[in-house]
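In the two complexes that follow, chain A is the common piece, with chain B as its partner first and chain C second.
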Partner chain A sequence: MPGADKETDLSERIESFLSELKRCGSGAGSLRGSAETARETTALLRRITAQARWGNAGELMEIIRKEGRRMTAAQPSETTVGNMIRRVLKIIREEYARSRGSSEETDQQESLHKLLTSGGSSEDNFRQHFTHLKANVIEAINELLTELEGTTDNISMQALEHIHSNEVIMTIGRSRTVEAFLKDAARKRKFHVIVAECAPFCQGHEMATSLCKEDIETTVIPDAAIFAVMSRVNKVIIGTQTVLANGGLRAVNGTHTLALAAKHHSTPLIVCAPMFKLSPQLVILLYKNYFFVLILSKVNAHCPVFDYVPPELITLFISNIGGNAPSYIYRLMSELYHPEDHEL
Partner chain B sequence: MEKDTTQKLVEYFRAQIREDPDVASAVAAIRSLLEFLKRDQSETILGLRENQTKAIQRLEETDSSVAVSSGGELFLRFISLTSLEHPDLSQCKNVMIERGELFLKKISLSRGKVGKLCHTFIKDGAKILTHSSSRVVLKVLENAAADNKRFTVYVTESQPDSAGKLMAQKLHNLNIPVTVVLDAAVGYIMEKVDLVIVGAEGVVESGGVINKIGTYQMAVCSKAHNKPFYVVAESFKFVRLYPLNQQDVPDRFKYKADILKTVKDLNQEHPMIDYTPPSLITLLFTDLGVLTPSAVSDELIKLYL
Partner chain C sequence: GEGKELTKEEKQRLRKEKKQHKKNKKDDRGPPEKEKEKEKASVPAPSKPATQSPAHKAPVPVNASASESPVAAEKPAKSKAELRAERRARQDSERASKQGKKEGGQQSTSSKPKATPNELQPVVKRLPDHVQVDDPVALKKLAKKLERQQVPLRSDYGYKVSLFSHLHQYSRKNPPTQQISIPVTVIHPSIVRLGLQYSQGIIAGSNARSVALLHAFKQVIQDYSTPPNEELSRDLVNKLSPYISFLSQCRPLSASMGNAIKYIKKEISNIPSQCKEEEAKRILQECIDSYINEKIILASEAISKYAIEKISDGDVILVYGCSSLVNHILCEAFEKQRKFRVIVVDSRPRLEGREALRRLVKKGIRCTYVLISALSYILPEVSKVFLGAHALLANGYVMSRVGTSQIALVAKAYNVPVLVCCETYKFCERVQTDSFVSNELDDPDDLIVTRNGKTHLENWQTVKSLGLLNLVYDVTPPDFVDLVITDLGMIPCTSVPVVLRVKNVDQ
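Let's look at the complex of A and B:
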């Protein structure tokens, strides 16, 4: 039966995606960047929308939420998966509201204004059936995919405004976004980059090699030298794994040190992060991400993978929609996600 | 005749607080205003509004807290922010009363919502510092305790009314280990605590809060020690004030109602509240969600524009 085939095909794909996610954490699977994860998640959600059986928006949202919970449980440290699911849920809500004809501006956000002007409880069940809903949702997801593909370019386009000639820029580890950012600026400006190597995996070395290929003058320094060198640095530009709801960061270990050193020297700290890294969570359990390194047989070294950087240390966020202050992140969050989806 | 009705209003308000000591003063005020509206004999909508405004002023004279003022204003907005085009006055009045009941129902649920949001931020083994007696903070700690989290609480005594001892008693009844500390001991105790949670009497436009005297001190101390400073407040406490410093807070909020009426030289009196600027606050927990201080002004603009 063709229906059953589609379903088994769909569930196979979901299972393979889940197992890929699980393998990523242990380091055995293909090391993928967050952009690829975001793209694959969105493509999978589009497939679910197209192939799964659902009668109305409410059922579709339930299916996506259920699959979403499994995906986030498979790899809790990969927050882009959860973010994409929330984006798609918001898309479904918007398309549903549009089909119903009601105005789609802030009519579903909890606000003091809404508390005062609404009459009666506004429980929207999403149970109405619309024939064009599927097509509309798939089209909107396609737009989302196009947006995802253009994020790195959008960020790099802003490079020339922030990097000037003869500047010394510091960065840490390896971020593909920052790499593209610096390479774009290097086409027209001459500047110097200092890369902190970010032990123990020393991804900074790869970053330095890649930057050298574009004729950018690069220096690699050990993490312990960050503070010592900071007085010579004009700007610090970093990438991050996640941007939290309060404007803080969850970034590769060593970033908090870098941020504190920058604050001490009043050096601006710029974070290049595409919008799909924005997560509505505030409290992320950091203590679960560790690599255990056995140096001697009787010594265990705990090596946390991520750092939390509080929002007071950050000067500017550069994302594909422009530059923003950390105190503005809550606003961007309310535009991207619906408050009921914060908890999947 | 007028004095009689306003007198009844004040009595009703006081009775509400007596019967249910757990109720927020703003909720009691709004209930009284709703009763007043039901009994109002005006012939025009303008008359109704004027009487409501006078009633709010009368209540502010009885209980000079910021929450009563903000709750009253929001109530008035809520009931009148609807189309009152009915030709019959009694119909309009019924609409207003209905909306009043609805508003009351919504805000009675606020405290529960805040409690649910905030208790996830309390980790197992945490040491919490709080100031004076706040029913919202109590609800948060109650929820955290119900979630089987172990934590200890330090409460400041909070003179001149020793409200902190009341809070300690309530926490003791919930089987939460609690210690009362002197107001002056906040700096001493700050290195031991993990986080600070306080309530608020009012949340101002800048994202700062107005709360019992001593809160500002606690906030400055927690900033110096890099401890998170959380504020829990329901959304009806959002008020349209923008104080830039302590002097900017109006006198009618700073001192108790009876002192304002009897005392000539306020400089000799002790203020009951102070203003904590938003730069010292980490997060605000409200029934509208977890907000950063900069998000508060957004909410207020959405409301009043």
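Let's look at the complex of A and C:
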């Protein structure tokens, strides 16, 4: 039966994706960027929408939620997976509302009255069957995919608005978004980049060699020299792993020190983060990785992978939809995700 | 030979005339004698105030007086030494006459308060050579001086970041000892060995370097024999100059080493001329031993005593890198049965924290080890931060291993008290506000590392726009530091110039 084949094919793909996620997490550092993960997740969700058996929107959402829980459990630190799932769930809700005819987009709990009256009614709303729902949802997911493909370019296009000539820019570790951002600016302007190497994985070295290929004046410094050198830096531009709901960051370790040093010298801290990194989580989980094999077994070693940076230390977020202050992030979040999807 | 003698005598004559002229002017004006002595001292422009005679209470200011600087600049070294000898003889005689004057009442009380205003007069100190690498004139002068002293000149290595083009950057693979011919005639072998140990990083750390230096000098003094027609107090100081140049070529001198050298030179020049050679050597050896004992060993005992009062049971103490003093304090506290645990923070590329970790764990202290990028992660658990210092500057800034200021910054953000432990012999009169102007650049190749089988920076020299920066020191502003523990007691960071003043008056 073609249906059964489709299903086994689908479950095979899901399994391979899950094992891929698990493998990524156990290596030293991520083997692929979050943009790729986001694209693959969205493509997989499109496939689920197309090939899985579902009768109405509610069932589809249940399937996606179930798969989503499995995916996030495979690699809890990779938040883009969860973010894409929530985006798709929001897409389904919107398409459903559009099919039903009501303007669900404006029903965003704007007023206390709406909160009180529309409380319990959304529960059974997703049981209705619509023939074109599948096609609409797949089309919307395709739009999401195009948006994902263009995020890095959208961010890089804004580079010239933020970098002037003869600037000294500081960054830490390796972020593909920041790399593209700086390379784009380097086509028209001359400036100097200082890269903090970010021990122990030293991704900063890769970043430096990559920037040098575009003839950008780069200097590699060890993490200990961040504060010493900060007084001569004009801007700090960093990437991040996740943007949290309060406008804070979960970024590679060492970023909090960098942010504090920038605050001390009143240097603006700019975060280049595409919208798919925005996560409705407020709780931080820091993952430990016992990296060094020490001669003495009586010693504890800590090697956290991520740092939490509070929103007060951040000046600006540059995303594919433009620049925003950290205080505005919660509004963007409410546009991207439905509050009921915050917990998968 | 002949030519030199002539110019020397001409110059002597010129100077004598000038002095007569000035004397006449002064007899008319009648200002204190101090000024004349000061001007005489300023003429050969000594780079280290160690050569001052003990009559001066205030540090000798090098007044760039217009009439004398052109003369000073053109003079070759040998004649300088001869002139200095002459000047000293004159100063001795004047000192004697001044003693007589002092007995005569009023002058004494009026000269004393006039002594202190000397410190407030504008002081133009000579800029040390190691921060003038971008000045070709200074480099030429240095090269000439080293050639004269038969000390090899070390060449810079690798691309230097433009912000630091005024500093040297050497490679560990080319130590200056390779350029010395064997057998070495000018430089004592223990100094050669010491220089090699410095340049390869075998001896590192402020206290270790100073003690090694003093021991090497003891050996030098032991093997020294006064040549005929020379005085030990003058010739020995001259013998030490090429050694010091050689050592600073191997690795720039630290503030503690500078103070130790000043002390030795002072002690040597204080040796009375009628003292026999054996006796003089014995005195000098004793001086050096007592310096090490007082300023380093006993000082660390005193600092431990004060610091242990600040350690309470249940504390979680954070230390950075390997400071011999802080390690000593922690070991002492552990012996006195204080219950605490230690978090050792380490940083690339030196990874000195591993040495500290070894020492502490050997004692039995419970330790945790992190890299400096994990600082914000573990600081919430920390109750106190103990830091060592390389030098304490006169404006209250703490000069220490790079990364110290970062630790102090983050500790301040988390409201954790920061205590700096530093002996008084490391206090120095320099002032500095950032880590750029006067620093040391270590071998840039140290930053290269292999991760996941890939060495990204292997060919950094071939890439045109890539630079590696390996700083050694940084300065911590005093508002990050809560307390400085010294052998004189516990002082705030801003009291450093007070201690310096007290020390100067004592000397």
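To be clear about the criterion, the second predicted complex is superposed on the first by the 313 of 344 C-alpha atoms of A that agree within 3 Å, B and C clash if a C-alpha of one lies under 4 Å from a C-alpha of the other, contacts with A are read in each partner's own complex, and residues count from 1 in each chain.
Note that in this section a contact is a pair of C-beta atoms (placed from the backbone, for glycine too) under 8 Å apart; a residue touches a chain by one contact, two chains touch by 3 or more.
Just so you know, these numbers come straight off a predicted model, no measurement behind them.
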Contacts of A:E78 with chain B and chain C, given as first, second, both or neither: neither
First, second, both or neither for A:E179, with chain B first and chain C second: neither
First (chain B), second (chain C), both or neither touched by A:A245: first
Which of chain B and chain C A:Y328 touches, first, second, both or neither: first
Chain B versus chain C as contact partner of A:D341, first or second or both or neither: neither
First, second, both or neither for A:E67, with chain B first and chain C second: neither
Which of chain B and chain C A:L282 touches, first, second, both or neither: first
If touched residues of chain A are counted for chain B and for chain C, the larger one: C
Which superposed partner A:C198 touches (first chain B, second chain C, both, neither): second
Chain C contact footprint on chain A (complex, rising order): 28, 197-202, 205-206, 208-209, 212, 215-229, 231-232, 253-254, 256-257, 260-261, 264, 286, 292, 294, 296, 298-304, 307-308
Interface residues, chain C side, partner chain A - complex: 161, 163, 347-349, 357-358, 361, 366-378, 401-403, 405-406, 409-410, 413, 434-436, 447, 449, 451-452, 456-457, 463-471, 474-475
Complex contacts: residues of chain A adjacent to chain B: 106, 110-113, 115-117, 119-120, 245-247, 282-283, 327-331, 339
Footprint of chain A on chain B - complex, ascending: 74, 77-78, 81-82, 99, 102-103, 106, 120-121, 235, 238, 282-283, 287-292, 294-295, 298-300, 302-303
